[in-house]
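I have a structure I would like to understand better, so I am pasting it below and will then ask my questions one at a time.
All chains are identified by letter, namely A, B, C and D, in their written order; residue positions are counted from 1 within each chain.
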Amino acid sequence: MLHLRKSLYRILETSAGKRRGISLAFNLVLITIITLNAIAIVLHTVPEYNQRFARLFTDFELFSVGFFTIEYILRVWVSVENEKYHHWLWGRLRYIFSTSALIDILAIFPFYFSLFATDLAIVRILRLFRIFRLFRISRYSHAFRLIQNVVKEKKEELILSTMLVVFMLIIVSSVMYYVEHPAQPDNFSSIPATMWWGVTAMTTVGYGDIHPITPLGKLLGGVTAIVGIGLFALPTGILVSGFNEHIREHKTPRRKVCPHCGKEI
Amino acid sequence: MLHLRKSLYRILETSAGKRRGISLAFNLVLITIITLNAIAIVLHTVPEYNQRFARLFTDFELFSVGFFTIEYILRVWVSVENEKYHHWLWGRLRYIFSTSALIDILAIFPFYFSLFATDLAIVRILRLFRIFRLFRISRYSHAFRLIQNVVKEKKEELILSTMLVVFMLIIVSSVMYYVEHPAQPDNFSSIPATMWWGVTAMTTVGYGDIHPITPLGKLLGGVTAIVGIGLFALPTGILVSGFNEHIREHKTPRRKVCPHCGKEI
Amino acid sequence: MLHLRKSLYRILETSAGKRRGISLAFNLVLITIITLNAIAIVLHTVPEYNQRFARLFTDFELFSVGFFTIEYILRVWVSVENEKYHHWLWGRLRYIFSTSALIDILAIFPFYFSLFATDLAIVRILRLFRIFRLFRISRYSHAFRLIQNVVKEKKEELILSTMLVVFMLIIVSSVMYYVEHPAQPDNFSSIPATMWWGVTAMTTVGYGDIHPITPLGKLLGGVTAIVGIGLFALPTGILVSGFNEHIREHKTPRRKVCPHCGKEI
Amino acid sequence: MLHLRKSLYRILETSAGKRRGISLAFNLVLITIITLNAIAIVLHTVPEYNQRFARLFTDFELFSVGFFTIEYILRVWVSVENEKYHHWLWGRLRYIFSTSALIDILAIFPFYFSLFATDLAIVRILRLFRIFRLFRISRYSHAFRLIQNVVKEKKEELILSTMLVVFMLIIVSSVMYYVEHPAQPDNFSSIPATMWWGVTAMTTVGYGDIHPITPLGKLLGGVTAIVGIGLFALPTGILVSGFNEHIREHKTPRRKVCPHCGKEI
């Protein structure tokens, strides 16, 4: 029993040492199931496919939840093999409240909850939660850890520039509301409504559903777009330089050797 | 009396030494009131909330103005504690005309003025001015000082690229007016009206309310968008590199050693 | 015969040594024909020109295919002059399956195939393939090799950020679908349909054919646009820095000296 | 006479040495007249202002042309004071064909030509040419020289990335034409018409007057926008880094002195 637990731990968590082949195969199967889940959730909303493959969608959902549930139980069982979660009870409880285990439970919980839910609105929201199964893939993704690190490192600058964007958005939308409201009382009906214009103008999306029509409003709209580009460039530039730094640091710093004397330089 | 003035000065302005705890608490209260003011001003324009919470909005406005007025009077009273504004009359007058005191008066002045205003248009504009209460928060914000410094440092380059943008906007809009006016006399009715198109094209907002329809106009519109991206990248790039420089300088104060005498500089 | 093959090889492939003048002239003719082909393919779809110059288009097509066919046969014939493709049969076969020779055959193959095709749909697709004749110019273009190198060098980072964009797109579109579907069942009819909105919002194109109208949807739409700008800045920033590095490296070949022995490396 | 020519030369061209004050005043007057001309040309197209200030516009146009004409004649007269244009005839002729003198003549020529033009279409185009008077200001602008230098330095990279953009535009528009033409024969009527979509998609302007509606077209449209952002980032990034390099080089490289030993480091 203990031997089985050790083997299972190696397969599920370490991907190293003995059982490395099986571990790799298992992880590939898991990633495939997660990806298929994402595709199923997306295609399931297309009425045409939903009717035609109704049975297939239900079966696959049952299979996925079953697979994820067994996997989750096994992970909790073997978690004590990890030194961090050594104690048979407290260790397991601490594992259950670790980020990756919480994501795992979030991926299956909506299904079980929806069995008891009778309210359609809640079932709808629970269905939406299934999309977060996709986050299970973050366990494997190098990219998520990179993003996490960059955001953590540049936290201060990002908060600062986000504050500036929000501040600017409030000021600009307030002024625009007073300028355009008399001319377009329906579109610019209140400052919160004007903020929707503010966001589409500052991000240069410009859907065209709401835009100034008075000369003063157009002038203000033009200045907003120009300043918005500059303002949004800040978090962007900060993120890009953060990534570049990270990537440079983590790339193997090529050891160079002088071809004449053989010493490292 | 003098002792009270000293204590109050410490609470209102320094946030250091004795009374540091009270000063911190006071500043938190002030920031909260300013933030609530911003929320009130924004929500106040939503007809639904305005009717339902009419009394609450009025009361909060009265409370805020009262609080800000007392705070302003106290700040003027204690300002002589600062060495810069030592003289009991001239010092206080100089304090009143300092940037931060002017922002403070701008936050309360519209209320008092609107008591005597009978013209509705003026009352509307005065109401708009209330949004500038948000600027009071700049007293606390590290971000505003950073922006100010970067803009000051890169002033020359920013003016230069703004000039280029304006220049390009006039040329492009003039040519576009002559190209599209015969085909769309309503949309491209004059060069100033065409400038609205010019701004939305060069900033890539593109609301869709005005766009060229003739082949020549489309060609010019395409070139404008392409050149516009390049042109707007200039101030953006300048700002981003300015911020990066500033942040880098203030983060790791590189220890430098003189190569001649070996001492740190 | 062997002498002729050698001369032809020099003209067609090397652009160096003897026959350099003729080689240059031939390549200029080839680039001109390719460029004229691109113009013909583009203008050929304008009904007005298609009717007026129908004969000219047909004749030019026949001439181009003839020219490209003869050129292709000659290139295969002389390919054995290259050391890489020395063997009279295997060498030629290997040349035929090289990238540039495959592009060459792709440029003429659709014409011959369409002679036997009776299905109009297939003829339409074959006509579309003619546009890939433009890729023949890549043989001469320094730019394509640069792009290729940068993409190869930054492959890892580009895959990583593309994954992030796709991931974000799925999550955002799924949530938006559940938020906006009840309000706009026609526009946000399914998650794949919502993804079209997701792409236009995250790239800030914003055609305006589909956009959120509920307050919650607008809030999500605004956050999506803001995060989208940051997210799309990553591959962009990676590419730009990749290009800058490449261009810098190839411009100033910094002379480096080994600090131990003083010799250049 | 010669003395007057010398004085005039100093006023008009050098802005240094004796007469520096007068030279500065003259240049300020000139810049003011050019700026007023730009404003007049722009406002002149607003029907309302055109009717109300018709007389003022005509008078100011006459005054401007008169001023520019006299100034031009004087500049040609004194040009021989410059060593480069020493010869009384050939020197003056060479001055007349210098860039800045050509811009000067372009600013007044349309007026004189329009006196003899009877065709309204030609008069319209000549009126358009007046906007190029704005370029006269480039004589004073530091910014134009900077742009010119950056573009010259990065010429190769800019041509390369422009080529890529055009290439991509042709390929994408051709494929999109074959995909969307059957569904929207009016909007995607030909490849050149589809190119208008291509430009608005790749620059992310997105007016909304033309966009794909078929699933395949939307997929292609999404990929185009994403790749377009990356592609347009290239010339942008090149320009920004070019400007940064230039500005850094031309900023006074602060001489630093060690505070301990006084030697420069």
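The working rule: a residue touches a chain if its C-beta (ideal position, glycine included) is under 8 Å from a C-beta of that chain, and two chains touch if they have at least 3 such contacts.
Please read all numbers here as calculations on a predicted model, not as lab measurements.
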Dup interface of C-D (contact pairs over half shared, numbering-based), picked from B-C, B-D or A-D, is B-D
Angle, in degrees to the nearest 5, of the Cα rotation that carries chain B onto chain D
90
Higher C-beta contact count, A-C or A-D?
A-C
Same residues or different residues where chain A meets chain B? The copies count as same if more than half of the interface numbers are shared.
different
Approximate Å spacing (C-alpha centroids) for the pair chain A, chain C:
32
Taking each chain's centre as the mean of its CA atoms, chain A sits from chain D at a distance in Å of 45
Check each residue of chain C and list the ones that touch at least two other chains.
192, 195, 200, 204-208, 236-237, 241
Residue numbers on chain D that touch chain A, as the complex places them
204, 206-208
Contacts from chain C onto chain D in the complex sit at residues 38, 41-43, 45-47, 124-125, 127-128, 131, 134, 137, 141-143, 146-147, 165, 192, 195-196, 199-200, 203-209, 232, 235-237, 239-241, 243-244, 247
Touching chain B in the complex: which residues of chain A?
157, 160-161, 163-164, 167, 170-171, 173-175, 177-178, 181, 189-193, 195, 200-201, 204-208, 211, 215, 218, 221-222, 225-226, 228-230, 233-234, 236-238, 241
